[in-house]
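The next part holds the structures, each set out as structure tokens.
One chain, chain A, links the two complexes that follow: it is found with chain B in the first and with chain C in the second.
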Partner chain A sequence: MFSGLTNRRTLGFCIVFFILLLFLPLFLPRFYIYLLALIFVTGLLATSLNLVLGFGGMYQFHHAVFYGVGAYAFALFSKKTGLSPWLGYILAPAIAALVGMVMGLITVRLSKLYFGMLQLSLGSLVWAIVFRWYSFTGGDDGIHGISVPDMISSTTGSYYFTLIVTTVCLILMYMIVNSPFGRTFQGIRDNPERTEAVGVDVKRHQLAGLVIASAFAGVAGSLFATVEECAFPDLLFWTLSLELIIMCLLGGWFIFMGPMLGSAIIVILRTFVGIYTEYWTLILGIVLMLLILFLPEGVLGYFQEKFSKSKNAALVEN
Partner chain B sequence: MLRIEAAYKSFDGFIAVNGSHLSVEKGEVVAVIGPNGAGKTTLFNLITGQLIPDKGKILFKDENIAGLPPYKICRKGISRSFQIVNIFNRLTVFENVQIAVLSHQKKTFNLFFPAKNLAISKTRDILDSVGLIDKAGHISGTLSHGDQKVLEMAIALGNKPELLILDEPTAGMSPEETAFTLSLMKKLSGELGLTILFCEHDMELVFSIARKIMVMQQGSTIIQGNPDEVKNNRQVQDAYLGGSDECFK
Partner chain C sequence: MEFASNITIAAIFQQVLVGLSRTTILFIVASGLSLVLGVLRIPNVAHGSLYMIGAFLAYTIATLFGGGTAGFWLALIIAPLGVALISFIAERGLFCHLYEREHLMLLLFTFSFTLVFGDLVKLVWGSDYRSLSAPVFMQGSFSIFDLPFPRYNLFLLVIGPLVALGLWFLTNKTKIGKIARAAAVDREMVGAVGINVSRVFAAVFVIGCFLAGLGGALVAPTQNITQGMDHAIIIEAFLIVIIGGLGNMWGALLGALIFGLTDSMGILLWPQFAIVFPYIAVIIVLLFRPKGLLKSTW
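The block that comes next holds the complex of A and B.
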């Protein structure tokens, strides 16, 4: 089942990197462990967006909605029911997938920018409901003091939990991208008209892609609620969705790990530049301009191109 | 196999296809010819579902397929290539054809099995038959125009069609590439017994392969018959060269 998914060198590098991440809490201060957990969560969210954006060619302008829905589903479940919080981790992606399906059924009728604009409108509607429904969602105060299982309530515990869940989700998404579904999805990205002409029900595939991406965003939402022990309306606000798109573009939206790198850069930038100025988005704007001008394929895309060029040159010389 | 009865299609008052009719029997190679703007591509778009006819019937194996979406028409056994190159630019040549093969094998919803290990031999056979096997690993967007046109045809073959529709398969090709495409069409028709419907401006190619020719003008069918009948038809000669049959020589 796994053969042919990746080469041995890449797999070896990933395993070593994972083991390194496992040992990091032994050396790093708590703040950095917390920051890494936040990077995993944001990276997982950006990668889930890239499933439909970079690999499906769909202008998913408001992906943060499903993140917020996941976080709220987990928070409300743990606050309002006496059941085990572990069940919340199953419920969060399920609810996010359901919202994704309902929104998808409406939006996939349209394409390109029209799809994106309708998605943005519907997402803002969900945000407005969450923002205003004080009796259920806590309104603009959000939900605080979410109880998470004791095992993962400490900084180190939540770090390991997010690391493992993020890794499992990344493996699953990687498999999906490289599956016949993923390949067909990339065909739709490149040329939906041609894909339909070869017998593929494009709208159905797009809907399935949206549901899958929403479910993974829901997982990221539940992880955020675990790390922060709160959920608030900003998680569903459109500006976060925009930031996610920037993360994908920054890292490289045609490369699987691109969004993960992009989110690491943005989270680190926000955290450290944010100490000195509240206008850290100014730096983000400059980064974005430089990116568009010099690295249109993103940071990883740039290195991949360099690497393949030098590899080809070596082949020609030999 | 395919019968079009009085098909109409208009765009904002402009009638692109005006009561056109056409019949294609199993195993035949049928050409549709006509001046630019005659409605050939629109007619093909009506057959393959890219456009919905305003009126008329499109019968494929006695079933009216008019108005069905393209993917359903493809699944019934009709594949096509496009006049303007229409491929998956960021994917490799192999992956371009593989998508069609996976679709034919109904595997496009398989989520967890690596695509790399599926439909390999079938895809390679097709690439081999069209002469693109050496370029299987190339990104299709970087191929020459001629190769991209051949890839178009290879993608269409991935669905194992009963009827192959080719919209100007040699448009923009060099004489060598045109000769290769002609031999390929002959091979598909002769060795594999594929039914082919195509439109083309290269009359030499049309008359060297088509067993039946349908001539269109201003959206209507002037005549459908064998090459000699078409050549000697006064209306066709008028449409092409103002009364002379020089263009067919």
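The block that comes next holds the complex of A and C.
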């Protein structure tokens, strides 16, 4: 499944692509730089969700909570304490991971739809608290004017910062997926009973997976707060969580870079369709419908399948 | 923070009544969701959208008929039927091809309907608030222990048990109800004895969605009819179904009671964080009974 990504050509392609991204701010107008930064943030978030959803087979229905918690942790830290905002980038994933662990301890006992629903209810509880706690979180107004370190406060600065952090996080997640832990995790997805039978503590692995995924979502949250310089309760609302699942599905959730592609498509579509019509979610709904009906493996999955089929056909002919 | 400063027996009694009328709405919506979830195994996220459409339709119909008492009753009957018609088209057109897909796909598919319906409602009704007034004889309130209680809520307290009774009759005493219960347990076996399962599923789906529309039409006079009421109700309805036991009608009633009463008691105890209480109740229930309080059909 990953042979396509580990081979030299793909690696070379990734490096070239990364260098291209490094030089883009020299040519592109500011708006596109901002848009790209937003794509990195969303892509990182969707990839972190896919760690548990695609590679762990866990119905994580409310991943946006950790994103929001990360954003709020960063925002509150820089607003309420006088300490260096850089520390916020460490604090955000730590808090998100902590919330993820508390929720995970309660939810991992269940599986599939029940697990997802309990995640949803716990996440909604966190949302409700953030939404109502005016004195601390600003309630439905959220937090504005977050102070970001000077070095990365400009559009270009935040672009480079998100690019580098996202790249590092992607590499880390890729290593996790391909580590013995990641392999076991995928084993649990494919056959939990058998994995349990060979002596793996399934629940503990699932909990660890949840905590790791929430930590990366927390990083994405802090990046969002950096790019937008605000945090608001909608970041924790359940509809965003389902949109994230759409992104994973759109790109293909059995492929590591699938969610990245999916979120790029969604963010670009939303931005440009949003210019022409206020009925963006109508378009998104129709896209999702068509996707489930015709492309259940996702865009990247579809091309990978087509590609490997034509390759096999060529082999047969020879 | 005005924590627990105004609790008297009268206030508690009043809040119980308010909670019970909230329970009625929640039960009607959640029982429809539970029916679809139990028999068809579809986690229908669009159920909330149908509830919202029911409320907007009720507003339009009542306005069309002059907004009087007759308009209200007609709205109460026609709006759920309109919602049922929409769901019938959606089921025969799209859902019936997807029954074999896994739950996650079905959930996302119904979510796509939520997105589409949300924008369609915005397209048809605009993004303004709408309000529907109850018939004259149900307006105003009467006093219980010197505290006001809206007459309309009393009407809800009557409707709730009626709907529960109707559903009990439907699932236990009619042929389609019995077939549906059998199909919930083993759909292949029901098909094997020569029953057209697909048609039964369509009927159950439409009945479930009718209940969503009915809930929407009933709630219309008690609150503003707005965009976003779909998002709020659907999470509550799902949680109710989960804590009650998937597909269990009485579970939906029990869950709705827990949800409605903790919510109204929360308003009394700590108004600012009232919405937190039902969620905490759900978590406590699920900690001890992970599969819900009553037996699930799954």
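In the analysis below, the second predicted complex is superposed on the first by the 313 of 318 C-alpha atoms of A that agree within 3 Å, B and C clash if a C-alpha of one lies under 4 Å from a C-alpha of the other, contacts with A are read in each partner's own complex, and residues count from 1 in each chain.
As a working rule, a contact is a pair of C-beta atoms (placed from the backbone, for glycine too) under 8 Å apart; a residue touches a chain by one contact, two chains touch by 3 or more.
Quantities reported herein were computed from a predicted structural model and do not represent experimental measurements.
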| item | value |
| --- | --- |
| Touching partner for A:G251 - first (chain B), second (chain C), both, neither | neither |
| Touching partner for A:G182 - first (chain B), second (chain C), both, neither | first |
| First (chain B), second (chain C), both or neither touched by A:G285 | second |
| Touched partner set for A:P192, first chain B, second chain C, both or neither | neither |
| Touched partner set for A:P25, first chain B, second chain C, both or neither | neither |
| Chain B versus chain C as contact partner of A:L110, first or second or both or neither | second |
| Shared chain A surface residues [contacts with chain B and with chain C] | none |
| Interfacial residue positions of chain C with respect to chain A in the complex | 43, 45, 94, 98, 101, 103-105, 108-109, 111-116, 118-120, 122-123, 231, 235, 238-239, 242, 272-273, 275-276, 279-280, 282-283, 286-287, 290-291 |
| In the complex, chain B residues that touch chain A | 48, 50, 69-71, 74-75, 79-80, 82, 86-91, 95, 98-100, 102-104, 107-118, 155-156, 158-159 |
| Residues of chain A that touch chain B when the two form their complex | 1-5, 172, 175-176, 178-184, 186-187, 189-191, 193-202, 205, 208, 254 |
| Contact set on chain A toward chain C in their complex | 59, 106, 109-110, 112-114, 117-118, 120-122, 124-125, 128-129, 131-134, 237-239, 242, 245-246, 249, 278-282, 284-286, 288-289, 292-293, 296 |
